[in-house]
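What follows are several structures.
Two complexes, one shared chain (chain A), two partners (chain B, chain C).
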Partner chain A sequence: MPTIRVVNLKKYFGKVKAVDNISFEVKDGEFVALLGPSGCGKTTTLLMLAGIYKPTGGEIWFDDQLMNNVPPKYREIGMVFQNYALYPHMTVYENIAFPLRAKKMEENEIKKRVHDVAKKLMIENLLDRKPGQISGGQQQRVALARALIKQPKVLLFDEPLSNLDAKLRMMMRAEIKKLQEDLGITSVYVTHDQAEAMTMASRIVVFSRGKIMQYGTPDEVYRKPKNIFVATFIGNPAMNLIRNLDYIKEKGKAFLVSENLRLELPEDVAKKIEESKNSGKFILGFRPEDAKIDQKESDMGFWAYVYVLEPLGRDLIINLKVIGTEELIKIFAEDEVNIKKDEKVFVKLQHGKIHIFDSETEELII
Partner chain B sequence: MRLSFYQRNADKIRIFLFILIMFAITSPIILSYFWLILRSFSVDMKGFIPTQLTVKNWRFLWSEIKGYPNIWKTTLNTAFVAIMVMLFEVFMTSMGGYALSRFDFPGRTSMMKFILVLHAFPSVSLMVAIYYVLKYLNLLDNLWGIILLKASLETPWATWVMKGFYDGIPWEMEWAGLVDGYSRFQVWRKVILPLVKPGVAVTAVFAFLSGWSEFIFINTFIFSQEFWTLSKYVKATIGDFRFADYGLLSAVGVFYALPTIILFFFVSKYMIKLTIGGVKG
Partner chain C sequence: MKGKGKVWIFLTPMVVLVVIFFAIPVVLTAILSFTNMDYTFRWDFIGLGNFKDIAIDFVIPKVLLNTLIYTFTTLALFNVGCALLISLLTTSMPDRWGSFFRTLWMLPRLTPSVVYGILWLWIFDPTEHGLVNFIRAQMGMPPQDWLHQAPMVMIIVANGFIGASMGMLIFTAAIKAIPTDYYRAALIDGASWWMITRKITLPLIKWQLLFVTAYQTLSLLTSFEYILIITNGGPTFRTEVWALYTYHMAFSNYRFGYGAALSVILVIIGIVFAWLYLKMFKFEDLMQKPKVEVD
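Then we have the complex of A and B:
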């Protein structure tokens, strides 16, 4: 299985820079997700990997082979599309066999292979049906079978699960991941669903407006988001942000302050801020699970009042408004908290679990 | 609660009135066909009542009528024109429509606008120019001249129609074919073309019918009786140099319309089936 290397890749549609100078690498057998909101260039990138779009600039390498001018049929790729793109006039069998027919394979061999892959994906009983006669989940499996049948070196997925209902999506998520692990095929998976990317991929490329915001493992992009975009795009509920903070020092202690808010900073954090190039304005970020509710004031935190409670069964999300700034934040409550609407509480932040971004560049400082 | 007679039967009354109105609107057409068929089997008519039944009007089927060409030869000519126009049009529009729909070439937009404008021109206004062109190409009094003329005049519009059908096929379908190991042309032939079958059927039917019913160009550019088609034959029964033979006119008229009606029965069924079972999502 090849290593995919993308170097300074660009794709312009007229004046629109759909993909703007991106580089990343997908290792042999790795499962990488391209994650971003719609229109961020992730699908365009995938179509360039497939050879359907020609890059405006830059290079795509499969191992030591430059692929820029190689048509899709010679790339040894399998692809699954969002709408499955099954051929409606062919039976499921013919759909799956279609890539093999292109290779002029013997009919016996085709039959054997189709039945093998159909068995693996549990669609053997559907082979005589037309795509219009089977359910969305089944169509999805057929599309997968068609992508796998020619034993591709690279698998490309274009939001394959977004047309399924939530329950089926969760199931297929695990199944695709297992399949990829078993087969060890280098895979690139486009999605706008951060949960999909987090659960399935070994590494995630986060896209925004044709550029790469961050490339890292799910843990890295979650724990150490490089900028505000990644911080807010990944995680559900998103990371809480308190904007427009100033950095001051009083009596040897460091604070982030706004009009009605005063947050004492640990020494190491203060040091990082002082060492960084910054605009003088800061954004504080913390994950909903990294804060605690308390009744009395303690060293690092701020006061807020309860705005709305959202019980999720297992968890409880407390929506709070920060007193002074009126910013809405969400916090996962510890079990058995006893709070009421409009109650005033202290939000206690944890050392090492806060992120500070520069207001202007929106890049992470610590 | 007491409901009035109208309220109790509102749905039924509404449907009854609807049918009545529809019948009133369509009756002129239905009645005229009805009259035509009756007339072809009668010596004369008093309103809608035949005075005496006969099959003499249909004699052209089994005997040659003086002053007219053989009906079967004429029918063959008509079918030849209709089928050739159909083949030309299907061949050109199935490719041209794809190009207009899928390729981004310079002048594509203006070309499509131009096609619309072109279609607004009545072809009769081109008559004189066409005469010179046909004469130059040595295609006057030749059915090939008519076929090429007809096909070329209709291809732009039919291409536009086919483009619409191609537009309905998602790009992913095509990409899937490319990824599956086929060339663009193979994908078109094996995946895309079968999916626009309804479009091809529509184009084929309209092309066939327009060829079958062509009159103006035949009347103008065909001189020899051996190249007559049925429309010219019907025209001749009204006659410039003889008395109109209404019996013959009706019989030939019915004969002329018959294949079209039969064709339409077959194809409309086929087309409806295709649209319902067509491409999903």
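Then we have the complex of A and C:
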């Protein structure tokens, strides 16, 4: 299976820079997700990998072969589309057999291969139905079968699960992941659903407005987001942000302050801030699970009012209004906390689990 | 007024128009076909007399053959064939060029029919001033008298060039409505242009193909205005088609009863073809089958 290398890839539609100078690599057999909101250029990138769109600039390599001018059919790719793109007038059998018919394969071989792949995807009993007569989940499997039957070296997925209901989506998510691991086909998976990207991919390319915001493992993009975009796009609920903070030093101690908020910083954090090139204004970020509710004040934290409670069964999300800033934050509660609306509580942050971004560039400082 | 009464207030004006200009003439024509009405406008009923006359009219076999040749050649070569080809080709090229070529094919539609007919008379003019003969002259060939050499070709080409645009519009719209992902999937799977056209495009525009074929058959069966302008059915019945013959009988020979009988038969022929098409295209299969959920 090939290693995919994308180098300074660009795609402009008139003046719109859909994909603006991006580079990344997908290793042999790796499962990489392209993640971003709609219109961020992730599908455009996928269509360039497929050969449907011609890049405006840059290079696409499969191993050491430059693919820019190679037509789709010679790229040895299988693709699954968001709406499955199953031909409505053909039976499931004919849909799956289509790529082999295009190769003018012998009828016996086609029959054998269709039945093999249908068996693997548990759709053997549907072969003589039409796509309109089977459910969304089954259509999804047929689309997968059609992509796999050519024994492709690269698999491309364009939001394949977004038309399914939540329950089915979680099931197919695991199944696609298992299938990819078993087959070891280099895969690129486009999605706007961060949960899909986190659970399925070994690495994630986070997109925004045609540019790559960060490329890393799910843990890296979650634990060490490079900028505010990644920090807030990944994670549900999103990372909490307290904006518009100044850095000051008093009696050898370092603080992030706003009008009514004063947050003491550990020495290593203060050092990093001082060493960095910054605009002088800062944003504090922390994940909902990295803060705790306390009744009394301690060293690193701030006071807040309980705004609203969101019980989720297993978890409880506490919405808080930070006193002095009007910022709303969400934190996961310790189990069985006894807390009431409008109560004043201390939000205690954990050492090593806070992120500080520059206000102007929105890039991570620490 | 409430309920269904209100519906009639809105329907009445249109219903009156339909009754006056469609229903009554249809009934009158049917009744007329059983009379031998002529320029004296007398309703003399003669039973099936007109139909018996048609059966032994020596011109009828020629007219019938002309009608079939004219209708199905124009249909196959232009109104469906050429229309489909233009649609397939212009949707396979960049849209700017596609639109340009389609606009070109639309031009005859924008021309008044008399002007359009006279244009073809000039194109096929027997002297060297006619377009075709002018081109032949440039290549050193003598001028031809097209009206006598190939009158059927003249009326087929003239009707085809204007008739192709309707099918073209409908097929193009249908092709453009096919989801792009079908084509992307097919391209990735290595299908050729021909395979994509045969296996994806054509089956997905089957409904439109049926519609245009049926509609244009009926429209060609009943149309005669360009033939009237270009050849007037001549020379000696060589381009006399059924609808034109009906017109000549009724309005040149003033045999209104006979003309009405001819048009009744034409309507029957039309119905037979419409029914045949529905069978041929398996009309029921084109309807969406109920979705079966088995999960």
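The rule is short, and it goes like this: the second predicted complex is superposed on the first by the 366 of 366 C-alpha atoms of A that agree within 3 Å, B and C clash if a C-alpha of one lies under 4 Å from a C-alpha of the other, contacts with A are read in each partner's own complex, and residues count from 1 in each chain.
Just so we're on the same page, a contact is a pair of C-beta atoms (placed from the backbone, for glycine too) under 8 Å apart; a residue touches a chain by one contact, two chains touch by 3 or more.
Since the model is a prediction, treat every value here as computed from it, not as a measurement.
*Asks:* Looking at the combined model built on chain A, do chain B and chain C fit side by side or clash?
*Replies:* Clash - chain B and chain C, as placed by superposing on chain A, overlap.
*Asks:* Let me test your reading of the model: by the given contact rule, A:103 touches which partner, first (chain B), second (chain C), both or neither?
*Replies:* Both partners, chain B and chain C.
*Asks:* Look at A:81 in the shared chain and tell me whether it touches chain B only, chain C only, both, or neither; answer first, second, both or neither.
*Replies:* Touch partners of A:81: chain B and chain C.
*Asks:* Between chain B and chain C, whom does A:50 touch in the aligned arrangement: first, second, both, or neither?
*Replies:* Both partners, chain B and chain C.
*Asks:* Between chain B (first) and chain C (second), which does A:137 come into contact with in this model arrangement: first, second, both, or neither?
*Replies:* A:137 contacts chain C only, not chain B.
*Asks:* Same chain A residues contacting chain B and chain C, which ones?
*Replies:* 47, 50-52, 71-73, 75, 77-79, 81-83, 85, 87-89, 98-99, 102-103, 132, 146, 150
*Asks:* For the complex, which residues does chain C have touching chain A?
*Replies:* 179, 181-182, 184-192, 195, 199-200, 203-204, 206, 288-289, 291-295
*Asks:* Considering only the defined contacts, which chain A positions touch chain C in the complex?
*Replies:* 47, 50-52, 71-73, 75, 77-79, 81-83, 85, 87-90, 98-99, 101-103, 129-130, 132-135, 137-138, 146, 150
*Asks:* Can you name the residues of chain A that touch chain B in the complex?
*Replies:* 47, 50-52, 71-73, 75, 77-79, 81-83, 85-89, 98-99, 102-103, 131-132, 146, 150, 156
*Asks:* Across the complex, what residues on chain B touch chain A?
*Replies:* Interface residues on chain B, with respect to chain A: 170, 172-173, 175-183, 186, 191, 194-195, 197, 277-281.
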